[in-house]
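Please find one structure pasted underneath; my questions will follow.
Per-chain residue numbering starts at 1, and chain names A, B and C are given in the order in which the chains are listed.
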Amino acid sequence: MNFNLTEEQELVRAGVREFCQKYVEPLAEKVDEEAYFPMETVKKLTEQEWTGIPYPAEYGGAGADYLTYIIVVEELSRACATTGFTLECHTSLASYPLYKFGTEEQKQKYLVPLCKGEMLGSFALTEPGAGTDAGAASTTAVLDGDEYVLNGSKMFISNSPVAGVFIIIAMTDKSKGTKGLSAFIVPGGTPGLKVGEHLNKMGIRGSVTAEVVMKDCRIPKENLLGNEGQGFKIAMMTLDGGRIGIAAQALGIAQAALDESIQYSKERVQFGKPISSFQAIQWMIANMATDVQAARFLTYHAAWCYDQGLPYSKEAAMAKLFASETAARQTNRAIQIHGGIGFIKGHKVERLYRDAKITEIYEGTSEVMRMVISGNLLR
Amino acid sequence: MAGIWIFAENREQTLELLNAGRNLAQDFKAKVVTFALNVHLAEEYINHGSDEVLLLPLLGQDQSLESYVPVIAEVARQEDPDVFFIGGTQRGREIAARVAARLNTGLCGGCTGYKVDQKNKLLLMNRMILGGAAVQTVVCTTRPQMAVIPPRTFEQAPLMEGRQGKVIELPAAQPSAVKVINRTPKVQESVDLTEAKIIVSVGRGMEKKEDLSLALELAGVLGGEVGCSRPVAEELHWLPEERYMGISGKKVKPDLYIGLGVSGQIQHITGIRDSKIIFGINRDENAPIFEAADYGIVGDLYEVVPKLIKELKVLLKK
Amino acid sequence: MLNIIACFKWVVDEADVKIDAKSRALLMERVGYKISDYDRNAIEEAVRLQEQHGGNVVAATVGPSTAKQCLKDALSRGPERADFINDPSFVDLEPEQTAAILATAIKAKEEYDLIICGEGSSDLYAQQVGPALAERLGIPCATCVNKLTLAESKKEIIAERKLDDGMEVVSMPLPALVTVLPDINTPRIPTLKQVLGAAKKPVDNITLNDLGQTYKPCLQTTGILAATMERRRLKFGADEKNILVIIGALLKEGVIA
């Protein structure tokens, strides 16, 4: 057992904290209030070489471990959940399937610019009629000569309005259910590919989320990722890794709620004393801190499994389940500690409370997480 | 010659150190020796309690004050003072560090005060460490015991009647490798609130926008900036948003924060709690600002501020 | 081509120091360490000059052998190599000791054109090491520098000093030493590859034995107590007399002038 981060991981964490203080925190309120996508921050993430952290240098990445990447997402999310998630979606959902299943040519063409931060990536699985039930997908891909023709629509697609490339899951053989799904690389701006309006969300409001509609969208045959019928496997493996990223995002949000609560409770005076001297508050703080630490260990352990080449599907699901529920519970407590002021727009805990909720939903709901965990245990 | 030695680059600080030096001279039964930049100052220092004055030579156009280091170190080496206080300007701190290095002795930088061990002729000197979180006490085991003393640590030494003292001229400073090629005296300019040394903050106790002139005038006299609490910027729009301090606004750490009609809600206090000194003026004797302040005046800002401006103008000669 | 030494100190992060309210003792069990704030500006300035004029940058530090952690931090900011002058006894050194140790090591093994130090350390802020080091090396120095330019001759450095009474521009023949203010530059946050590459950069481990002498402090610490941060909470009336008392107090505090 070794609970120490490496010196490099500690340095990266310190660097991200400084980065957040300088560039992310000052924008966070605007990002939330105006549903503003912080493109200037994304550019700076690129300068820091944080856009392809766990991928090898030959593909433009930094060649660091997954845990380093997780720490970056955690710290970014602690300052602004939108920023943390934007990087997570780009790295885990768009870059990973290319890295894992792409041909050398596909990697050079798409993974390299993604890792170098020359463009952002997006991943499209969910449909209006197919959320958790991915096999119900109605988007189709039909081979026509040297081209696949895609038709259908994808819903709640993060990063889609700003993406340079999409990984799109579509049905190539309806009769085979999930085994009939395939994954495709679709460059942004391909004729027939339309990105809808930025959806007005409850939380992570700056993250750009939209519907993606394909109408006779033609892509070259070589843009098939992996083999036909591998789409479901690619999506599930991609989400397994993504879940560690969402756990890190939730962890950052929960940590921020704890930070705000500790600070406020020491300053807020009632009955002539700071409220931190009352046991009711002390117990809330103790519970929050314990939950946050447990969430951190689960999350880091899942990342460690990934780095060691061990199976991590169950660990990722546990981390995401616990961290996201921790974030939801602790942001709620943080508002309770703040009282009325925490209910006012413009206060950080009010934003954290709304940002936390989505972590229980996307990249697999808490219910799916429980299915994954129990499925691993009971088979 | 031994004794208590004093060097500061200006008259005010020299007089402050002279005051400390006089008291110490009695404890140590030693004389006070002061460096002076010209004969007029030499005479003045004697009249304010110096027993001897070391008159520094004139510097060339391209020499900076730091060129005195070899001169000062050489005379100190010959005369072996017990104590050497240096005025804590930026130049003073450099000179002190270099003289101490030449003399191989200890230097307490930023000495905020000391106690005297009369028997052993030792100073127990205090300095702030860890960004002001703690006070460390040190003694210097070598001679001279050196300290850099920040401005206004002591009152100026009073004029004493009928004093006489010896003035000794020091040899010319050697040409120095450091050549001054340009000098620009300081100009006053408006700065970012987080960098302001003095902030006059306007709260809801101010009745109308026109009255901001009071705050502006006070800030002008003090060389500070005007800021405000959140409602003054967000609700009343009297000042731009980058001027409000608080939990969601600017976090500032001026040397002096003056709140005019600021009630002192925790959300505002959070933004100003790193101020060195907080001074609040408010009509309401129970306003929370007084709990968070070092100095408070319970009174109507419309009466207090004009008086304050008037007195400051006189005292600061503005 | 400039050979530059950037000196830095590994200090306690003052934000982590807790205080025991009763005894006023400092609780240091859970403190973190960092490169002293202004020393980051010193390293940045060295790297900036090197980017402009070529040459190389050495980061030099004096500290206990346990402070090894500081090396990757410093090297990730751009210097090619580091001098780690260490000994278990190099704890809570007085500035005069640090300056003397640096001087011995630099004389023994470095060829340099310029030494850059921070204006003062985050823990002691004594502002002594830079000028004292210059004296021991017998080279010219300028403190409080907020702009540095290499003269066209490449044999002199032009330093703009920001002082209490205004700006002063000086020129000095190389080799020389400067201490820099935080507004001279904005230290860049190391990129991920810089962090990962730091471990591969060479570190010269210089021990007390290598230095061949001992360094006794001239100052001895007799006590450390937490500063009482409580506000004074002095309330006054509104008449002239009270106003004068407060102005007097503010003058004495040195916050107005």
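Throughout what follows, contacts are C-beta pairs under 8 Å (C-beta built on N, C-alpha and C of every residue); 3 or more make two chains touch, one makes a residue touch a chain.
Chain identities (UniProt): A = Butyryl-CoA dehydrogenase; B = Electron transfer flavoprotein alpha subunit; C = Electron transfer flavoprotein small subunit.
Worth saying up front: this structure is predicted, and the values here are computed from it rather than measured.
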item: Chain closest to the middle [Cα centroid of all protein chains]; value: C
item: Between the pairs A-C and A-B, the one where more C-beta pairs touch; value: A-C
item: Identity of the chain that, by mean CA position, is farthest from chain B; value: A
item: Length of the line joining the C-alpha centres of chain B and chain C, rounded to whole Å; value: 22
item: Between chain A and chain C, centroid-to-centroid distance (C-alpha), Å; value: 40
item: Chain A and chain B, separation of their C-alpha mean positions in angstrom; value: 52
item: Touching two or more other chains - residue numbers and ranges from chain B; value: 291
item: For chain C, residues contacting two or more additional chains; value: none
item: Of all residues in chain C, those that touch chain B in their complex; value: 12, 14, 17, 19, 26, 94-96, 99, 122-128, 130-132, 134-136, 140-144, 158, 163-173, 176, 217-227, 229, 231-238, 240, 242-244, 246-247, 249-257
item: Partner chain C, residues of chain B touching it in the complex; value: 64, 89-91, 93-94, 96-98, 100-102, 104-110, 124, 127-142, 150-153, 176-186, 197-198, 222, 255-256, 276-279, 285, 290-300, 303-304, 307-308, 311-312, 315-316
item: Residues of chain A touching chain C in the complex; value: 7-8, 10-12, 14-15, 18-19, 22, 47-50, 53, 62-64, 68
item: Touching residues (chain side chain A, partner chain B) in the complex; value: 29, 267-269, 341, 346-347
item: Chain C residues touching chain A - in the complex, by the definition given at the top; value: 34, 69, 72-73, 76, 189-193, 195-196, 198-199
